[in-house]
Amino acid sequence: MDNTFFKKFTPKEPKFFPLLKGIVEVMKNASDLMIEFIDKGTAENSEDFYNKIKTEERKGDALSNKIFDELNTTFITPFDREDIHHLATRMDDVTDFINSAAKRIFLYKPKQMPPGAKELAIIIKEGALTLEKAINELDILKKSRKRVSEYCAELHVLENKADDIFNQFLINLFENQHDSVELIKQKEIMYELEKATDTTESVGKIIKTIIVKYA
Amino acid sequence: MDNTFFKKFTPKEPKFFPLLKGIVEVMKNASDLMIEFIDKGTAENSEDFYNKIKTEERKGDALSNKIFDELNTTFITPFDREDIHHLATRMDDVTDFINSAAKRIFLYKPKQMPPGAKELAIIIKEGALTLEKAINELDILKKSRKRVSEYCAELHVLENKADDIFNQFLINLFENQHDSVELIKQKEIMYELEKATDTTESVGKIIKTIIVKYA
Amino acid sequence: MDNTFFKKFTPKEPKFFPLLKGIVEVMKNASDLMIEFIDKGTAENSEDFYNKIKTEERKGDALSNKIFDELNTTFITPFDREDIHHLATRMDDVTDFINSAAKRIFLYKPKQMPPGAKELAIIIKEGALTLEKAINELDILKKSRKRVSEYCAELHVLENKADDIFNQFLINLFENQHDSVELIKQKEIMYELEKATDTTESVGKIIKTIIVKYA
């Protein structure tokens, strides 16, 4: 039986999910690269690392532009247009902050990586993995509601951990780093990494909103 | 007479107003604590002050989350959903900036409070009191239109005062503060306080928009 | 023949275009003033230059407020309300960043203008001219679609150029500027200028979205 007619009117439009999963994939790659950059980065190889991360960032941009274009041309979407747009944009922001941190390491060439940077990068990676689980169940939200809520709670816990690390970093920095140019460099790099963890949490908040509205 | 039926269809939904008033209350408490912090803060008690302000900030978050959840589940709202959301979020941002300033005082432990900090904190408090008057009359906007507009104009005047204080602070700081780490500390603390006054003004702008649309 | 009746029901409302053109005009004036400020600015005349640029910024604010008020009271608009609002706001942000840069030059009184500042200011001007061409054809979008897309691509190229200039500036600054207070001053001034070029590009993105939706 030709069911084209019925397909046409399927009320849910599944093509956004692969794109959202693609954005999570990019986020995972970028955070892996960032962990490696912090471990093995030198003045010599920092441009290479930055370029690899920038490549991921551009992939993320392309995916989020694609979602955006589809939203503007697709009549039926699984959730409200603005919710998908908001979700994709915030997810892509995580990679943008990783990219900003990488760019600053490359441009500023700090004498050493900021203490705590690796812990933050690991938290970003954990956040990406948690987000991946949430996104994977977003299309069966009525069934997965409880689990997805738990993933969002996990993102909140990760953000709190990141906060503690960043605060302790700042206390030590302002107490002990008397080279003020080095202080500026380290502070800015850590700030971008902390923003990335902030942003994974705020993605969690957007997902929670979607749960309230649709599950 | 049982008027449940009629109640159910009352076109206005008053439950957002108490929540908005709660957010103003939090803002008042946080700005009072900030004034006290600037007056009496020391390296020893700064964590205490910060924790008290953080407690207010979390109350504000809880209230704004509550508004957000209700918006997503309430069919009838007194104004457009996005207007209430926008209003609550921006109001809550004021407390967030007070909290950010307090956090920086605690983390950075500046040698002295920035000159002008107390004036800014007092302006924030005045802004919160002005906002309180505006919010209190928001549910009778057709009658209170003129007064509410005046409160918004007052918020603009306060913001201009704060601007002058902040600019003068920066001129002096860059001319006279040769300890660059101290310069960074003071600058960032003042920046957050100034942002708080900016934000009360932008709440005023949101209210003005609401007046244009509904009064 | 009296065609008032028909006029009243013309489906397109042209009054937003002159306002949008006004915002571009302001942007052009502000960037011209910025180029002159960078060329001829001294500690003595910097307040004058800043005041002239601030005057433009206020004109921009007034125009964008006017658009906002009209959006809230006009029933028929050429595009979706939010698209016009978003477009006008982002366009006005360009002038805001020029103003922020000017303010910092005036307040901080750097020993010298940051190297690269003039190049960035020229790119901002070129962006304003490109944007002018795009806005001028926005009301005949069905015919001008291709050209307008090209203007948006041009804004992207300009942004990339600005990025390279800013990155090179930062590399040199962190390598060679050992006066950390001067480093902070120059870095912040350039940051605002770079943000202005970023923002012209993001106006381009908004226009691209409008093309997808309406052309």
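To keep things simple, chains are lettered A, B and C as they appear, and every chain counts its residues starting from 1.
Criterion: a residue touches a chain if its C-beta (ideal position, glycine included) is under 8 Å from a C-beta of that chain, and two chains touch if they have at least 3 such contacts.
Remember, it's a predicted structure, so these values are computed and weren't measured experimentally.
Chain contact topology: the protein chains form a complete graph, every chain touching every other one.
For the pair subunit A and subunit B, the CA-based superposition corresponds to a rotation of 120 degrees in steps of 5.
Measuring from the averaged C-alpha position of subunit B to that of subunit C gives a distance of 29 Å.
Contact with two or more other chains is made by residues 180, 184 of subunit B.
Put simply, subunit B touches subunit C in their complex at residues 167, 170-171, 174-175, 177-178, 180, 183-184, 209, 212-213.
In the complex of the two chains, the subunit B residues touching subunit A come out as 68-69, 72-73, 103, 107-109, 180-181, 184-185.
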